[in-house]
Amino acid sequence: MIRFDCDYVEGAHPAILDLMLKSNLEQTVGYGEDPYCESARQKIRAACQAPDAAVHFLVGGTQANATVIASILRPHQGALCADTGHINVHETGAVEATGHKVLGLPQKAGKITAEQVARAVESHYAESTFEHVVQPGMVYISHPTELGTLYTLAELTALSETCRKYRLPLFVDGARLGYGLAAGEVTLPDLARLCDVFYIGGTKCGALFGEAVVITDPALQKDFRYHIKQRGGMLAKGRLLGIQFDVLFTDSLYSRITAEAVAQAARIRAALCARGVKMYIDSPSNQQFPILTRAQRAFLERDFVLSHWQKLDDGHDVMRICTSWATREENVRRLIDAIQAMPE
Amino acid sequence: MIRFDCDYVEGAHPAILDLMLKSNLEQTVGYGEDPYCESARQKIRAACQAPDAAVHFLVGGTQANATVIASILRPHQGALCADTGHINVHETGAVEATGHKVLGLPQKAGKITAEQVARAVESHYAESTFEHVVQPGMVYISHPTELGTLYTLAELTALSETCRKYRLPLFVDGARLGYGLAAGEVTLPDLARLCDVFYIGGTKCGALFGEAVVITDPALQKDFRYHIKQRGGMLAKGRLLGIQFDVLFTDSLYSRITAEAVAQAARIRAALCARGVKMYIDSPSNQQFPILTRAQRAFLERDFVLSHWQKLDDGHDVMRICTSWATREENVRRLIDAIQAMPE
Amino acid sequence: MIRFDCDYVEGAHPAILDLMLKSNLEQTVGYGEDPYCESARQKIRAACQAPDAAVHFLVGGTQANATVIASILRPHQGALCADTGHINVHETGAVEATGHKVLGLPQKAGKITAEQVARAVESHYAESTFEHVVQPGMVYISHPTELGTLYTLAELTALSETCRKYRLPLFVDGARLGYGLAAGEVTLPDLARLCDVFYIGGTKCGALFGEAVVITDPALQKDFRYHIKQRGGMLAKGRLLGIQFDVLFTDSLYSRITAEAVAQAARIRAALCARGVKMYIDSPSNQQFPILTRAQRAFLERDFVLSHWQKLDDGHDVMRICTSWATREENVRRLIDAIQAMPE
Amino acid sequence: MIRFDCDYVEGAHPAILDLMLKSNLEQTVGYGEDPYCESARQKIRAACQAPDAAVHFLVGGTQANATVIASILRPHQGALCADTGHINVHETGAVEATGHKVLGLPQKAGKITAEQVARAVESHYAESTFEHVVQPGMVYISHPTELGTLYTLAELTALSETCRKYRLPLFVDGARLGYGLAAGEVTLPDLARLCDVFYIGGTKCGALFGEAVVITDPALQKDFRYHIKQRGGMLAKGRLLGIQFDVLFTDSLYSRITAEAVAQAARIRAALCARGVKMYIDSPSNQQFPILTRAQRAFLERDFVLSHWQKLDDGHDVMRICTSWATREENVRRLIDAIQAMPE
């Protein structure tokens, strides 16, 4: 069986393993204060054109989300987000476990708008008993979203302006950021300029594990390492994270491997469209959501593992197909062949 | 400079990296449900003679502690532990962040006794306003302790009996368990039989990272994966943890490499004692705590990085010297040579 | 101005103040262990036909909700409720502050159904990654609901059966329970029989303050006083709560005064309907939600304070009119006169 | 039996009940925004010579402590306090339940010093791994302390200066503040000037219940009402608290009744000393801690309820004797008679 169900079924890019192997018996200090972490930090700051950004390496996405959010909010505040946001539906209440309500807003294609944020804040303070309601304290978005879609630069700029107007820190979950950078118009310097915190996903974009949290707002930088330690994200052998991001940000490896995956996804999508398959959502990134008949699904699932997203109706299922930095060209070809051969 | 300051300054045992490399492009399901994790689980259950134990792999120790403790306690309960316990002093309040008080008891050589636990419980319920006081809800110990000392089998048995009498789950933090197994009389089957939960430390005992949580009490097994996810410990590429523990529990690798480190520590201690150096604490495991004069300290710190534990008086410091699975024989010899050459 | 905006604008029923005054200089033990509390407990157990129920007195509703819910749930669990439920929208995230997600379900007339609960549980476990999602751990309903509506006995029985099938404790917020008992078919013994915990609201039903939490499930009774203390609900002079509930449950005072308020509300509704005013929701209890034109609203607001519930459209507002145990007959007549005189 | 075991065994000062009765059927808005609360606030601001202070009324002390502390600290911070501090030993972990460690310091006579605070902060930052330790984020003291002792103005001034130097908000728990003001040299304006937040205890000083939280630091005033609501302390009929503090701060009632209780306690202490009884602690306020022989204790407990503080040795117990605003002169005389008649 060939897996296209998600983008974390393999290990890491070989260049990462090479450096891990080469440095294995070196002795370094722990907890992210070693030269590999420092080098990775410098490269990320350069790539973001944000020389004063704080950069921290955490092990995973749920941890990064809960740690960042809990570090920002006061107890009576919550995080505005799309109601499909990962923190709202797929992290076992990790944010609530830190004491904060997730304030879901109705999404369109996985996204929320500046207008929605403005309205949420205005209507909060318009209530006479507003102090009986959780106060919007920040905004969380994912880029790409959980549905593979992307914010345009104009959309992100509008969100940023609205957030700044209402003094709401803007936090971007970049678990799949590499694919978003490859597929859309928003760049790392844009993110650094328009957001207050964001993270550059490693786990799904070439690393064994790890997310690089970039904090551009100086007010949010203070004491962040305490939060990492408290939430269990302070890796003793922190250099493992430094090594990975150092390699990913050398010679644009991060961009190159994610761009390749996006191109593969586009070719799979084209093959599906050529067969008349409709897409549940129009995603430009490495996740595709075709609507398949039961017969088509059964046909493809003989050789490929896809992800079942949801049942659409009695005859159709929405499936998710992911490519990744590790997707082999040969497997893409075999999937496309199968798509061409599948029944109506 | 040669580092003897702690036991996590290098990467992982080469056999682990070999399997990681070899399996790198295999495709597996995520979140710890892959064949490597399953194989590691079986080997750990066998080593513990606990065929029904639940075994979970978490990334680090602070995370393992907070996740296990929060999964056990009800809101009004706290964890009894030595006041030097890692959860009480060195995890940035991770347990309190889950809502629970850490109930420190005065320690002797880093250890607490069955009698202390019994007294704490009895005196709790003897207070007329006991409901105004946090209820002891479990017991946390470290083995080896933060001071390198070990519980004897009799001490652990007594603790276990007391805990069962008062229905307090007993949880053993085994961040350095390998060195404890090598240096003391308590075995993995003893731990499985006498405790309700414990973990087998990987980070400090040969792995890149990772702790294997073993839950023997069936009542504590239920729903534990939810807790792992909520606390940010559910590694997407869970197999990385499975691979590491699978290798460590093949052909007794875990025992062999930690026994070697304990033997090295014993030789260093012998060299110190031969020079008349007193030990701050009598540790049989891989951590040694010599009391050095300022001159001795300065002499050794020309070539070696030691850890400054505490200032004893105006003329003396307590230092920590650690060996590990990665300590090179040649470096031990050089340290012993320096000890022999250092001033009075 | 005459207030009809809510049901807590006056003090307490005079009989309560009488006993408070009479007992003022008596000396009793604190924290709810005095004879007044004990007497009130016995009367409540009798009224509920639940001789083994635990009865506790807490100061207010938000506190009662958070204390009960936090005492029931494990960290990875949330409370299913109507998305209009008080805990979801009007308690500043008090439940989330204890670490738990509120799992809102779409409501109809403020209510949820047994089918919705069953579906929520079934679909939770049907997800392959269910451990990444907050587990439904209990059900919270309000009776009357926030919209004044009531569960029928059949609806409550169905909810109870479903909850027991899935082992979800059923908790009923009875902040306005008196009005619900007076207006509907569900009785105190029904609640005691069908729920696991509920509370009998005092604040809005004749007392100065206070809610009587009735715990019928023995498993939920254990250690509840610790939770009360921890959440700040353990009143030092606990007898103040005992006195109030003792009076309310003497000679059916609680039923009598709330029945009177419901009758007044019915007369006001009849007067509104006679004028052709539509109701936003069909409430049989002490809260009424007429849809008024701007002119009607302005007319009534010259002499009466009503509560603005929401804007319906450019010409109409939904208003809330509440009666209470303290509503004077004379004021009801004046309001009805004004309704008869108001413009179209 | 005559109770001297604590200072909350009776109801409220009659003048409070009078106004409560008189205003009972008045209609006012809820949640502390009524004219009684406003009047009480003005009187408290005047008494504190703090015209810009925010004043909020909460129901009880544990609630006030947890609400204030949780509103001040960030997640990685804890509250420094005496290890005998009420929040550390007698509130069922209410502070930890909001996620924060209580950082106990060794006390002397229930008090901590400016030097201890300075040392705690300095030694925190002196540790190389300080981010692995809970950061001191504020200071909590009680005045009077749990042992009845008082800070001198010099001691409080030194604490205040140290706190400001290290930017640690200083919070004073004034559950028994009335007795402290009567017995010591620190005044309300001193507290307002030297602390950032403090509360004026009502429950133990003449009210049925209620504590007036005074926030002088503007940075801590923002959004405090959200916190009150979230922690369950927002009384629907808030005027009940306003009424009580309005009466207490009219014509110096608060000072007068607490001064009387302190004078009574002094006479009881004098009688004890005249019999050669030693005091466990030298308390100038309404709580006295005599060391009694078993025979003396038995003799007094025939007619009086005292509080057993702790067993001192096989022959002696430390007892607590409390007077209060409600202590009857006649009962003081009877207690003194008994003291004079008790055995050696």
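To keep things simple, chains are lettered A, B, C and D as they appear, and every chain counts its residues starting from 1.
Operating definition for what follows: a residue touches a chain if its C-beta (ideal position, glycine included) is under 8 Å from a C-beta of that chain, and two chains touch if they have at least 3 such contacts.
All figures in this text were calculated on a predicted structure; none of them were measured in a lab.
J.: Among all chains, whose Cα centre is located farthest from the one for subunit D?
T.: Farthest from subunit D by mean C-alpha position: A.
J.: Name whichever of A-D and A-B has more C-beta pairs touching across its two chains.
T.: A-B
J.: Subunit A to subunit D: how many Å between their CA centres?
T.: Taking the average C-alpha coordinate of subunit A and of subunit D, the gap between them is 50 Å.
J.: Hey, how far is the Cα centre of subunit A from the one of subunit C, in Å?
T.: 42
J.: Centroid of subunit A to centroid of subunit B, CA atoms only: how many Å?
T.: 34
J.: Quick check on subunit C: which residues sit in contact with 2+ other chains?
T.: Where subunit C meets two or more other chains at a single residue, that happens at 75-76, 91-93, 97-99, 129, 131-132, 226, 229-230, 234.
J.: Please name which positions on subunit C make contact with subunit D in the complex.
T.: Residues in contact with subunit D: 2-3, 6, 8-12, 14, 17, 20-21, 23-30, 59-63, 66-67, 91-94, 97-98, 203-204, 208-209, 226, 229-237, 240, 326.
J.: Could you please specify the touching residues of subunit D with respect to subunit A in the complex?
T.: Interface residues on subunit D, with respect to subunit A: 31, 70-71, 74-76, 98-99, 129, 131-132, 135, 223, 225-227, 229-230, 234.
J.: Could you list, by residue number, the parts of subunit B that touch subunit D in their complex?
T.: Residues 75-76, 78, 89-93, 96-102, 128-129, 131-134.
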